[in-house]
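Right after this note come the structures.
Two complexes, one shared chain (chain A), two partners (chain B, chain C).
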Partner chain A sequence: MIIGEVRTGLLRNSLPLPRQAVVDLLSLRPGRQVVATDRPINRTVSPDSIVGVDCTLATEPQAKARGIGTVVTHAVVVGGAVLQSSSRTRLEWVDYRERKAWTHYTHRRGVVDVLGNPPPVQVVNGSKRSSHQRDTLDLGAMCQRMLMLVQGRPQLDYKPGLRTQPTQLRWNATARKGARPAVHLHIDDESRRTVDVVVPPELLGEASRFCEDLALHDWLYTALGNVVEQAERDMAAGTDPMKLLGSALTLLVRLWMPGAHVDSALRPLWADLEDVPGFSQSWHRNVAWIRDQISMSTLTAWQDARTF
Partner chain B sequence: MLVFASSDKGGTGRSVTSCNIAFHLAQRLDVAYLDFDFGSPTSGAIFEIPRAERGVEREGLHTYFTDGITDPRRLDVWRQTTRQDLRGSNVRAGRLAFFPGDKGGAEFGTTREIQQRCVELFTRLDSEFDVVVVDLSAGRSAALTMALMATAQPSMRGVTARWLVFHRWTHQHIVAANGLVYGDRGLLAVGKSAGHDQDTLLDAIRFVRVAVPNLREHNPGQTAAQATWLHACDEELRKLAVDNRLGRSRILGTTPVEPVLQWREQIIAESDVSAKIANAGTVKSFRELSVRLTDDAVWEGM
Partner chain C sequence: MTTIDTSAYTEATAKPEPRHVALSHLSVEVGHFYMEDLADGDERIRTQFRKVLPWLEATRTALAADLDGVVKPRLSTCFLIDDYFRTDTSPDEIVDRLLGIADEFGITIDYLAREAGCFEADRVPLAELTAAMLLPEPPVGTTGARPPVQDSGWLCNGERAPDTNSGNQAMMPVTDWEPPVEFGKRNHSIFLDVELWKDRTERVDGRLVERRQWSCPFLASVWQLLRLGALRYEGEPVAQPQRWTGDSWPKRWSDLPAVVQLTQNPAPFAAYRTTSILPQSYLGIEHAVRVILDHLDIDKSVTDKTVERALREGVRLPEQLSSRVSHIFVEAPVAGARW
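What follows is the complex of A and B.
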């Protein structure tokens, strides 16, 4: 089983960054490779940052659970505009009781040994709660640290092109032999989501990429929805929303490509999500609305100009 | 945009006025309100959120700074307030997120790490909200110093910060407000040593005169001698304000004496006016403050 968290928001930069600037931005450690893909859209991934942990694991209902091992965190920039940070670790149930030499853990990056034999479902439920208890595994804190590290880098002009609310997506992926991949997305509140994924064991490693893609699109969807709301508010108040709509078009719209960066075996998961929340349909409706507003306003401006 | 609410003296009306400003801003923008009065976090009472009346039990802003939690508690005012008439009053309102302090919190010293956490909080919220109102505690507080230091950091240079200094319309208050801005260890001095350009910082400061009596209103219970005396006092205070560099061009606005607020710290909504309980002039003054706060023309250099 893997548990993880993805935090998604806009880079603090007025315009999308060009490819090379993103590579510089994410070159967080000298000598470590940044990985960039250009098709169908630029997606750049920072080197992994590895953190050692020996802590309590949150459980629900409460059980005794100690985790020792390492957590992997990296940052992802999509389209030069959206920043994600993603922490994850694979949980392995063990039956030893005392901590072993650190090399036992450092050799297995992104694996946490689970001591105390808690029922897995209680660990999964615990991982969904926000745990600010001291000495408890807190993937959100690691994500946030990575976000702030990148958002404070000198490659940025520190002026977000659009004000948007970041989202936090907590996920867990369970391996089940012969299972058909399945996903369940739960919207906890305006900024928090939880995702349960089931996959056959050979696809467990792909789950994190899928969840990052899901977090990206869920964020895009939420952000664009908020832009439409804000524009309607502006229009009701007699304020011109064109700048806002224009920024949303340039920054967000071309990034919508569900499943593009996901292993083909997991792409059907997207089909399931499209069935129930109907992501793409409402997305395209909002995009069309924005374009309509912009062309109407252009038309009005043009007509006004002609009357002189 | 970050807006810092300060005052030299306690009990000037800093919290009540800035909560009301936040309320008006949120009718058209996404707004966050941060209770940085760590020793006595009472803004929850003004928004009428019972579970945060004197701060929350845990994970408030105080814990964020001292215990290193990642996400301080945030409460959606529209959903959490027990005041029915605030809840659905405007379907198009923006967000109003309240970040409470902690029950039993206290001021704390600023370490490098705390400083860094402050920068992170401000940059995070500035990317998310149109306006972030920060209610500092009275006087030359640690919170004020922390805010000045944080806003001077290079990674905050793209962030607009505006400073409000609240004072009452009395001799002592005017002199004290001058001291807080221009005096020893005042805003400008501390700002300068934190790395701010003093002129730019001064251009980002405006005064708010709270609970100023309206002398033009006819008052039947007043003798002619009293009226004359009051006018003379008012005139004297105007001169004093100018001499103390808090004259007309440096003020953001004035609020009138509001009887409701003399009895109770609260948001004054349109419904209070239509019920003839609060004065229309009070709501108007809060609305004007909120409009001028976000009007760049008001903040152009002097």
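What follows is the complex of A and C.
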């Protein structure tokens, strides 16, 4: 089983960054390579940062559970505009009771051994608790630290081209032999989401990429939805929303490519999400609405110019 | 009919593959000399090589026995000169003298390396690179909520004894002393706390400059990583051996490459395993090296590839780097304080 968290937000820069600038931005460890994929859209991933942990694991209902091992965190920039930080660790149930020498943990990077034999379902429920339990494994803090680290880098001008809210998506992926991949997305509130994924064991490693992709699109969807709401409010108040709509169109719309960077075996999960809640359908409706507003505004401006 | 068994599309930068380095089966360090050892006349060097020779031969025999005639053994020899903590000698006084004495005993030295080269080689900051790989042990109760303390310059193999209040401070209750703990111990702890570096402020041209002095065990860890072919910078090998083409040895150590190839066609410098034949006074340093190697997040794509390559020629390698490192400690005179 893997548990993880992804935080997604707009990069604090007025314009999307070109490819090389993104590579510089994500060169967070001396000597370690940044991985960049250019097609169908640029997706650049920082080297992993690894942190050792030894603490209680949150459980629901409460059980005895101690986790010892390492958590892996990396940052991802998509299209030079959206920043994600993603922390994850694979949980492995063990039967030893005393902490082992550190080498036992270091060469299994991103694995936390679970001591105390708690029922797995209670650990999953614990990882989904809406409020963080004190003194338990804190993936969110590691994620947030990475996000702040990148957002504070000197390559940025700290002037985001659009006002948006970051989102926080907590996920867990369970391996089940012969299972057909399945996903459940739950919207907890305006900014928090919880995702359960079930995959056959051989695809467990691909789950984090899928969840990052899902977090990206959920954020895009939320951000664009907020833009439309804001524009409607502006129009009702007699304020011109064209600048806002223009920025949204330039920054966000080209990034919508569900499943583009996901392993083909997990792409069917997207099909399920397209059924309910029908992500792309409402996305395209919002995009069309924005384009209509811009066209109408252009047409009005043109007509006004002609009458003089 | 031919089939394509990969996906229809790949990109050159999508999966960076680190570049290979040539690897011997064994790299044997036949000496690690401090400048004091070298400046103190030939007799000290002579004694050391005399002590080393039988063990070098034993190492050769042991390797051949391990490989059991399946492949031809590849063994290279090297020695390390400390030009990091003291630079007041010059290669043109020392190198030929040293090689001459080694030759008296029939010891061939394939590679000469400089300790300052473990700090920086070909403008790649190797010590800094290695420090960025440190993965310290989390004390019990570490949830990840706070950033790990990595800047103290100390690394240990367990959990330090908690701060105790001796009762000297008024109004504070006296707390009992608790011992440090080695994680993974057998019954009792052997707790080791290693100083990796020291930051000091120095005056350079009237200005105060912050300088980090790396400790001997830390540079010795970089030295082991180089000999194990485990370091890469942006996927490229570092401190690759170079021949010295000058007519004579230079006046300054820093004019030499980090690793100089001395013989024609030696076995590769880096190796699957390393053995260091050292005076017994190095035991403390090498214990510290072991702790450091066990606390590094080594590029997994490099180590995995090495294990695979070894297996293809019938050599089984442990995944853990420190398990590929062995030592022979000899009784040999050494000069002065060690570190």
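FYI, the second predicted complex is superposed on the first by the 303 of 308 C-alpha atoms of A that agree within 3 Å, B and C clash if a C-alpha of one lies under 4 Å from a C-alpha of the other, contacts with A are read in each partner's own complex, and residues count from 1 in each chain.
Note that contacts are C-beta pairs under 8 Å (C-beta built on N, C-alpha and C of every residue); 3 or more make two chains touch, one makes a residue touch a chain.
Predicted model only: the values in this text are computed from it and were never measured.
Colleague: Please work out whether A:Q151 is in contact with chain B alone, chain C alone, both, or neither, and reply first, second, both or neither.
Modeller: A:Q151 sits against chain B, while chain C stays out of touch.
Colleague: Give one of first, second, both or neither to describe whether A:T70 is in contact with chain B, with chain C, with both, or with none.
Modeller: Once the two structures are laid over each other on A, A:T70 reaches chain C alone.
Colleague: Given the touch rule stated above, what does A:S130 touch, chain B (first), chain C (second), both, or neither?
Modeller: first
Colleague: Who contacts more of chain A, chain B or chain C?
Modeller: Touching more residues of chain A than the other partner does is C.
Colleague: Touch test for A:D54: chain B only (first), chain C only (second), both, or neither?
Modeller: After superposing on A, A:D54 lies in contact with chain C but is clear of chain B.
Colleague: Check whether A:A141 is in contact with chain B, with chain C, with both or with neither, and answer first, second, both or neither.
Modeller: both
Colleague: Return the residues of chain A at which the contacts from chain B and from chain C coincide.
Modeller: 138, 141
Colleague: Can you check the complex and tell me which residues of chain A touch chain C?
Modeller: For chain A paired with chain C, touching residues are 29-33, 35-39, 50-56, 70-71, 87, 99-104, 106-107, 109, 135-139, 141-142, 145, 264.
Colleague: Across the complex, what residues on chain A touch chain B?
Modeller: Touching chain B from chain A are residues 9-10, 12, 130, 132, 134, 138, 140-141, 144, 148, 151-152, 157-160, 163-166, 230, 232-234, 236-237, 239.
Colleague: With touch defined as at the start, can you tell me which chain C residues reach chain A in the complex?
Modeller: Chain C residues touching chain A: 7, 9, 11, 13-16, 124-125, 128-129, 132, 135-148, 157, 183-184, 231-235, 294-300, 303, 319-320, 322.
Colleague: Can you check the complex and tell me which residues of chain B touch chain A?
Modeller: Residues in contact with chain A: 28, 30, 58-59, 67, 69-71, 92-94, 119-120, 123-124, 127-130, 155-159.
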